[in-house]
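Note that the chains are named A, B, C, D and E in the order they appear, and that numbering of residues resets to 1 at the start of each chain.
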Amino acid sequence: MNKFTDTSNRKMAKLIKKKKHEIGLSPDELIFRGTKKTEKVLLRIIDFDANSLIEEVVKKVKDIVEFQYKDTVTWINIDGLHNTEIMQELATTFNFDSMVMAEVMNTDARPRVIEYDNCALITIKMLSQEGNSGDTIVENLSLILTESVLISFQERRGDIFEPVRERIRKQKKRIRNGGTDYLTFALLDIVIDNYLYVLSLLGEKVEKLEENLLVNPGKDVINQINSYKRELNFLRKSIKPAKEMIFSLAKMDSELITEATDVHFKELQDNISQASDVSDGYRDILSDQLNIYHTTISSKLNDIMKFLTVFSVIFIPLTFIAGIYGTNFEYVPELGYKYSYFIMWIVMIAVAIGMLIFFKRKKWF
Amino acid sequence: MNKFTDTSNRKMAKLIKKKKHEIGLSPDELIFRGTKKTEKVLLRIIDFDANSLIEEVVKKVKDIVEFQYKDTVTWINIDGLHNTEIMQELATTFNFDSMVMAEVMNTDARPRVIEYDNCALITIKMLSQEGNSGDTIVENLSLILTESVLISFQERRGDIFEPVRERIRKQKKRIRNGGTDYLTFALLDIVIDNYLYVLSLLGEKVEKLEENLLVNPGKDVINQINSYKRELNFLRKSIKPAKEMIFSLAKMDSELITEATDVHFKELQDNISQASDVSDGYRDILSDQLNIYHTTISSKLNDIMKFLTVFSVIFIPLTFIAGIYGTNFEYVPELGYKYSYFIMWIVMIAVAIGMLIFFKRKKWF
Amino acid sequence: MNKFTDTSNRKMAKLIKKKKHEIGLSPDELIFRGTKKTEKVLLRIIDFDANSLIEEVVKKVKDIVEFQYKDTVTWINIDGLHNTEIMQELATTFNFDSMVMAEVMNTDARPRVIEYDNCALITIKMLSQEGNSGDTIVENLSLILTESVLISFQERRGDIFEPVRERIRKQKKRIRNGGTDYLTFALLDIVIDNYLYVLSLLGEKVEKLEENLLVNPGKDVINQINSYKRELNFLRKSIKPAKEMIFSLAKMDSELITEATDVHFKELQDNISQASDVSDGYRDILSDQLNIYHTTISSKLNDIMKFLTVFSVIFIPLTFIAGIYGTNFEYVPELGYKYSYFIMWIVMIAVAIGMLIFFKRKKWF
Amino acid sequence: MNKFTDTSNRKMAKLIKKKKHEIGLSPDELIFRGTKKTEKVLLRIIDFDANSLIEEVVKKVKDIVEFQYKDTVTWINIDGLHNTEIMQELATTFNFDSMVMAEVMNTDARPRVIEYDNCALITIKMLSQEGNSGDTIVENLSLILTESVLISFQERRGDIFEPVRERIRKQKKRIRNGGTDYLTFALLDIVIDNYLYVLSLLGEKVEKLEENLLVNPGKDVINQINSYKRELNFLRKSIKPAKEMIFSLAKMDSELITEATDVHFKELQDNISQASDVSDGYRDILSDQLNIYHTTISSKLNDIMKFLTVFSVIFIPLTFIAGIYGTNFEYVPELGYKYSYFIMWIVMIAVAIGMLIFFKRKKWF
Amino acid sequence: MNKFTDTSNRKMAKLIKKKKHEIGLSPDELIFRGTKKTEKVLLRIIDFDANSLIEEVVKKVKDIVEFQYKDTVTWINIDGLHNTEIMQELATTFNFDSMVMAEVMNTDARPRVIEYDNCALITIKMLSQEGNSGDTIVENLSLILTESVLISFQERRGDIFEPVRERIRKQKKRIRNGGTDYLTFALLDIVIDNYLYVLSLLGEKVEKLEENLLVNPGKDVINQINSYKRELNFLRKSIKPAKEMIFSLAKMDSELITEATDVHFKELQDNISQASDVSDGYRDILSDQLNIYHTTISSKLNDIMKFLTVFSVIFIPLTFIAGIYGTNFEYVPELGYKYSYFIMWIVMIAVAIGMLIFFKRKKWF
């Protein structure tokens, strides 16, 4: 029970956000509004074009400066958002509006696309499965997209984007020839693939439940259904606004997104729609399961009650007969006959059998 | 029960999709993501115009090349998607974007229309009824539409499009004079007709259920309703996105679709809308049936309980009276009278009849 | 019960449509897909302008030819669709696209408007009340609208449009001066008026039910509510797509519809919206009635059960007391006193009255 | 009960409309389709501009003619619609399309705006509270708007627009300087204010119910909730299409409405939206109340049943014990001991107390 | 209970509004339609640009006049709306349309944006938590926006906007350089932040409830759920129209809002959407909690009833056996045997144990 309460709190906590002292802050105030999830901020750079590839981990923002003016695509991945100094330096280096970094540090914000003069900011929730506990982790991903640089901000260190790095390293033609917009697509594609993956993990649990439901619907089933419903609602909270965001991204008329990648963003739309469909599907299944559970339970209870009632009812006339001959009247003719007692037994058994047949015919048990 | 569990798993399985190792793959990677459903890939070609007709089965992609440059309409039907080599050759032969073939091989994708530079890709789910088991089979159909060639990809060998071939062979004027766009319409029309057919098969089962429901609502009825509901949901999962796709196809402003076929695509819209209406209709009927079932069951239970309770209640005062005269008080005046025992019986019968009349008047049973 | 099953089948049958052998037919194949509802095809012609009026029944299509080239408005009413020969002749005479007649003969199609090069096709479902049985009949009406000719196709012989003929005969100014578009409006107006009429007939039955519901909610009430719900759903199946059709007709930008009749088509929109509102209203009323019925029934059951339980409970301590003095202990002091038996009665009556007062105060019965 | 049935019929009657003989009538036939609600038709005229004001009651339509050509704003208020002669004269005098007056006389029509060549017709339902019975009365209001004349048609004599007349008499600047469009706004504003007023009267009743619900939920509560729900649905039937109408009025691009009054029509939109919101709010409250009622009732029943069951169950072992010592075996050792009877009592009391403690601990009553 | 009734009335009162005497008032009549919530009207002025800052409290409207013509941004904050004289003076001073001030004084109006010739009026509901009672207070905020002056009207004195004043005083660059549009954004941002804050306070209560629900679902839980549901509905009544307003504000094409602040208004949209999402989330949680509560309660009741029934049923055959040997037949062979009594006990115990095992196996308790 404890565990259940805990996870539910953890999840509900995502809905609660505004603290009193945060009200009225200037929107470009650089304050980290999330929970610090990693110790040290890590800056990883991959700089590439069709022919060249540089990959390194840098310590300071100024080590990035050189990449800014190159024609190549530069992908700066930053794990950890709590260091306001680094944020400030990034803003200065790339000449971002002061609001951009404030937005990045506000990890509670809704998924969205904002266009600024010299860049576009894309934020989305990443869902992943924690290895040990099997808990679903939500993390805010922010992407700042300029013509030749893509900066991605993650809250914790993770290797979620490793497949993309791998594709870059292996000289996959399309990604090495694409711009920052194609890289953006590749990253978002992984995020949405993870939605589908997390959904399918939940789906397997729901399937297993299905079998239990039909074989042996115990009390834990209802708790599990409720807990899966909650988990699903929790996932939907990320998927729904992400869908909105992806659709408005695909409609966006920005120079940062070339026509060639339009078709890829359409694919993103299809994938997020599919994620949304799948989550709808599981919601329907869970609500059907809940109905089946309730029907099963109540029909089982009805059967028990009917059995017990029929059982009781059969004894009622028998006990009545016994009561009759327990009376102490002086003149009860039946009492004197030698076989009365046995006749009483025969009558009782006849009554009982008669009632049983009657109930059986009426299909009452 | 076993069978039920199986089918439900099979159906739910359609919702689960993303495997961990698939996350982050390049979108133009040619990987077959479905289940291999046929042994050998079969390539069938029909090449026709108003006057000529060539129909043959080819072994290799290069046998197709010749048709490409002819003015006639060439319909290449390919059963089986797992051979990446053939896919690669097709892409090279027709100069398709590398993503096109990747899309075709991804059989889990949502129904959609994508326009590329030199072709349009249409994917839709085909529903058909398996002969023996009566199970509904879902299969992904992909159509690549160019100006003079239509390539259709099916997952398994089937004769679903035989009526169209027949119409081509019989020199039906319209189809022989039409272009690839009319051929596309003809194929999609068959797919949607099959939706309606599969729905009407389900409908017949629902109808039969209706009769059972009113005559003898046993426990299997609830299982059947739930199983039909699930089956219907399963069909709706294919019909709903197909409707979206057909509507966006009809709105598409492509040179590949001539104005003359516009009216046919409008017809497709009407047909898929009808399929959607019919599925809505059955959903309503099933949910009504569920309500009727629950009402019938609960009203039946109430009647039983009322009967049993009334029965018990009638004996309660009788047993009480017998109890009174079972007491061992020394001075109970009634015990000594000769006819007391008979009077007791008369009183008891009078009480019982009085209660019966009271309950009958109150319409309690 | 039999009757109920029958009507339900008849109604559900409307949802089931596609037969296996119909899949893949060419869309311009002239096949009558409905049920033959009249023996002989009847062709009635009314040809009129502001000054002249010709009304006759013709036997062959070629008798119509002459009217085609006149400046007058020609209304050809055809009862019966199963004669493909006549259909073919009509298509040739008026030079219709081959698909037009195929559409007319497909009586299962959804209400819709299709514009062709030289005509527009309007299909809608007509609802009418059968005289004897009170059953609602659905019939497909198709209108082919050209500049000077309006052809209306009905499945069975009927006098539903008699009021329009009457208005034409009586030289009503507006209809005699109007074109085929005004005539179209007049016919559709009658169809929609009939929707409202059929709805109001159902409404009267629902009203009567309302009274029964409050006075004496028997078991037939629930059957009636369910049957009316079904009937209403059945009507809504025709009204909903008709509404879509009328709205798209009013938006249509065709030369066949003059600006002067625009205001009339707006009126059609209002009327069909009203029909839709009324059907929504009855749906709400029926679902409220269902709730009230269930509440009434369950509250009645609760009252009975409470009464019976209270009744039983009152006897429980009394029977216990009698039991106590039925024991055969040698030393039970009370047994020897002369008035014990009477005291026992007094105690019993006191206990019973005490409990009655307690339950009454608690308002338990 | 009688009263309830009556009002429900009266209200439901609003949904039923089409009579058989009305089907197929020409749309410009001048037939009064409502119920005659006033004896004599009353024509009241107010003619004003910023400086002058004429107010009089005329007997015949021809007395109005003179005002038609003046530059002033003329407001003709007509109470009673059943006099077709007057209607005809009005149409001739102002040169209205013959359909306009037919529309005005059709009091069952849906709220709507229709633009004609030389005028616009606005119809809306007026809600008002009848003084004595507290019943809500629905009346159709039609406004014909021309450049300098506004004709308002009411079904019965009423002083609902008295505040507007007062404002005109008191030389309120805005209304005296405004045109017919501002006057239209002023009248519609009163109609919508009355929606809010009627809603708030219902709201007060709902509030009172709320208190009853928590203090003493008797059976009349459920009847009241259902009756208020019905009343609210009835109001919503007027408010919903009125909202549609007001919004389409505000969007209308007519010369009859000057830019200066645009802001007022926006205000109308806000007010009708508010009325719609308030009605939504009460619907939610009523449906919550229904839930609370059912929960309260069922929880109360459960408590009673639990109490009675626990009570019965406590006596069951006691009666059993008494039964044991009521047996007539020759050798029952306990029967001979002197204190057996008292020991039996002690055991019984101990068992009863033990069970009570057990049930209490389990919180079963 | 009393408290509950009170708060519910207070909240419902917000829905009721229109008083009879208010119907038909001229829309520019300066009448205070709210409840007087502060004694004296307070006028606070902050006048600033990037370099200068004047902050003062004035007594009369004419003290404001001087600021009107300055190039600086002037923010006039007015607490209290009941003084019509001041309102009149403000209108004259700033040359506002007479309707503007009437709108400001109508505190029951729906949140909205209205553009006038020389200003824009924005109204929104402010939510705040009262310190002592924890009650949520709703207050109407009106903002009149001109090119260089922003007038904000509050119903009661409050320091809700203190953070903005602080930012102005501390020379925060952005706010000191921004115009009245940026100031408007800053104020609205605080209002929406307060929505989120009030929601999160409710959220904490809902969370606590969650724990109670799982540990010990008493009767107060249902009352709390219902009261939180109502509170949430109450908040949603403010949030929903505010969302509409913010979205129409962001779409508004006014010169008063510079392009530079567009991005801020987009942020407002995101924040209000988030508030709306969060409120949806809590609604779902509360409705889930209600379901869980009902399931828990009913499953607990079922368990009790099952236990009690099983308990009773076990005694039924035992009491029957005792009854048999309580009969007074002369020839009952068993009565004479010496060990009959003990054998009866053994049989009884065996029957009881047998039944217990049977029920246990069937998992009936």
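Throughout what follows, a contact is a pair of C-beta atoms (placed from the backbone, for glycine too) under 8 Å apart; a residue touches a chain by one contact, two chains touch by 3 or more.
Computed from a prediction, not measured in an experiment: that's the story for all the values here.
The set of chains touching chain B and also touching chain E is given as A.
Taking only C-alpha atoms, you rotate chain B by 70 degrees to land it on chain C; that is to the nearest 5.
Because chain A and chain B share one sequence, their contact can be compared position by position; here under half of the interface residue numbers appear on both sides.
Note on chain placement: the centre of chain B and the centre of chain D lie 43 Å apart, centres being C-alpha means. One inter-chain figure worth recording: chain C and chain D are separated by 26 Å, centre to centre, where each centre is the mean of the chain's CA atoms. Counting partner chains per residue, chain A shows two or more touched chains at residues 305, 312, 319, 323, 326-328, 332. Taken as a graph of touching chains, this assembly forms a single closed ring in which every chain touches exactly two others.
Listing the residues of chain C that touch chain B in their complex gives 1, 4-5, 8-9, 12, 15-20, 22-28, 98-99, 109-110, 112, 114, 116, 219, 222, 226, 229-230, 233, 237, 241, 294, 297, 301, 304-305, 308, 311-312, 315, 318-319, 322-323, 325-328, 332, 334-341, 344. If you check the complex, the residues on chain C that touch chain D are 161-164, 166-167, 172, 174-175, 186, 189-190, 193-194, 196-197, 199-200, 203-204, 206-207, 210-211, 214-215, 263-264, 266-267, 270, 273-274, 277-278, 281-282, 284-285, 288, 292, 295, 299, 302, 305-306, 309-310, 312-313, 316-317, 319-320, 323-324, 326-333, 362, 364.
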